[in-house]
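In order of appearance the chains are A, B, C and D, and numbering begins at 1 in each one.
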Amino acid sequence: MIKIVFFAALREQLGCAELSITADTVKTVTDIKQLLSDKSELWQQTFGNASLLCAVNHDMVDGSHLVKPGDEVAFFPPVTGG
Amino acid sequence: MIKIVFFAALREQLGCAELSITADTVKTVTDIKQLLSDKSELWQQTFGNASLLCAVNHDMVDGSHLVKPGDEVAFFPPVTGG
Amino acid sequence: MSNQVTLNKDKDPEISIQANDFSLADEVALLEKENLTDGAVVTFTGRVRNRNNGNVVTTLTLEHYPGMTEKSLAKIILQAKERWDIGRVKVIHRIGELSIGDQIVFVGVTSEHRQDAFAANEFIMDYLKVKAPFWKKEKITNAGQTSENWLAAKTTDTDKADLWS
Amino acid sequence: MSNQVTLNKDKDPEISIQANDFSLADEVALLEKENLTDGAVVTFTGRVRNRNNGNVVTTLTLEHYPGMTEKSLAKIILQAKERWDIGRVKVIHRIGELSIGDQIVFVGVTSEHRQDAFAANEFIMDYLKVKAPFWKKEKITNAGQTSENWLAAKTTDTDKADLWS
């Protein structure tokens, strides 16, 4: 399984903080985005936002990053702390 | 009269913190330096130091600055505060 | 998973993510304690302002990504130490709901010579702004109407961080 | 002369030359008091180090030129305010005999946006170092021998100040 988490405005837009997927059908972060976009029009629109960031196991990655079972994949908007 | 003050290492080298001169014979800061240099070999050597700074009435000036009765003229080494 | 456990067990003394307020004086005292080689101490404190983009702000809520936050800050501090000759570093970031005037973030850096502490402190803040997973939601009042908004990231922050690379 | 009287009567609240120690917490509290527009507070504190140029320092004595000191600092603060969008400023410099670890100098600057407070604070320190009439004499111990030396000005300080012009 791969754990997927969402933060801030993205979490609120999706109405979802966390979900799990099986690792069978996805190889990369882009694959996960595609899988999630297929859930509904809301998810499709939300993941169409080019500024969304992704971290795997707490490190920022880009779409080509390979994922494996046990990974924690996070999606979130650009950060605004400080 | 013109009041002349010395600070820090310069004051210690000269063994003098303050003196007064009449304004009759001096027009500029350079004139004052020359007058003081003529006092003795010690004063001559001390005022030969090119790094000495001068302030008139609390503002930094260069040698060509004109002086007048009532002015306070200060000589001191480069500053080292902070 | 084992990664996270390690992070919690060996809690990084240079980083604190906390809901509670902090004391600037206490933090600086710790940076200076038994530290007689560093002549320079530079601190940055960020506070909640009463206005933002022309709106009257009433409260600010800080969300973060536990685990990644600490990891990203540790990486930023490491980069600062590689670039400048600095002594001690402390980064505190508050989370949860904050009021106007409240302290949000603290960065403290010591060094032998002042330019290192100044540069490293500003670098840490600039990178924190664009790399550490915190998000601000502000409650604002406009013409008697209250609303909540997630703050948008600023390109000026991204541009400023890019100047260091 | 009348100039000096004026300076003493209307004592500049942004500048303090004092023998006594100061409290960082109190100074920052004053910078932040009823100040809800400035989200950024940057402080610099300079302290007496235990070593300088390879020598063991025991005490440091600060001499200054009363009157000119205040005037030069006021001018530096004014220049900083002309260059950057800053809120409140405080500069404290101690005089007299100080011990290892003692605070020597404090610069505090607030601003709406952090880069102004960072830049202005470093600018004030850089200019103070080369323009304000303070001189340091250190008592050092070397192989059991105690001696007193006036510190020499550093060209690195002059070079750093020149970078702002």
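Basically, a residue touches a chain if its C-beta (ideal position, glycine included) is under 8 Å from a C-beta of that chain, and two chains touch if they have at least 3 such contacts.
Note that the coordinates shown come from a computational prediction; the quantities given were computed from them, not determined experimentally.
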If a chain touches chain A and chain D alike, it appears here: C
Chain located farthest away, centre of chain C as origin (C-alpha): B
Where chain C and chain D are represented by their mean Cα positions, the distance between them in whole Å: 26
Approximate Å spacing (C-alpha centroids) for the pair chain A, chain B: 73
Euclidean distance of C-alpha centroids - chain B vs chain C, Å: 50
Multi-partner residues of chain C (at least 2 other chains): 46, 125
Multi-chain contact residues (two or more partners), chain A: none
Inter-chain touch pairs (all): A-C, B-D, C-D
Residue numbers on chain D that touch chain B, as the complex places them: 1, 3, 46, 62-65, 67-68, 71-72, 93, 104-105, 125, 128-137, 150-153
Complex contact set, residues of chain B against chain D: 5, 7-9, 12, 51, 55, 57-60, 70, 74, 76-82
Parts of chain D lying in touch with chain C, wherever the complex brings them together: 23-25, 28, 32, 36-51, 100-101, 112, 114-115, 117-118, 121-122, 125, 160
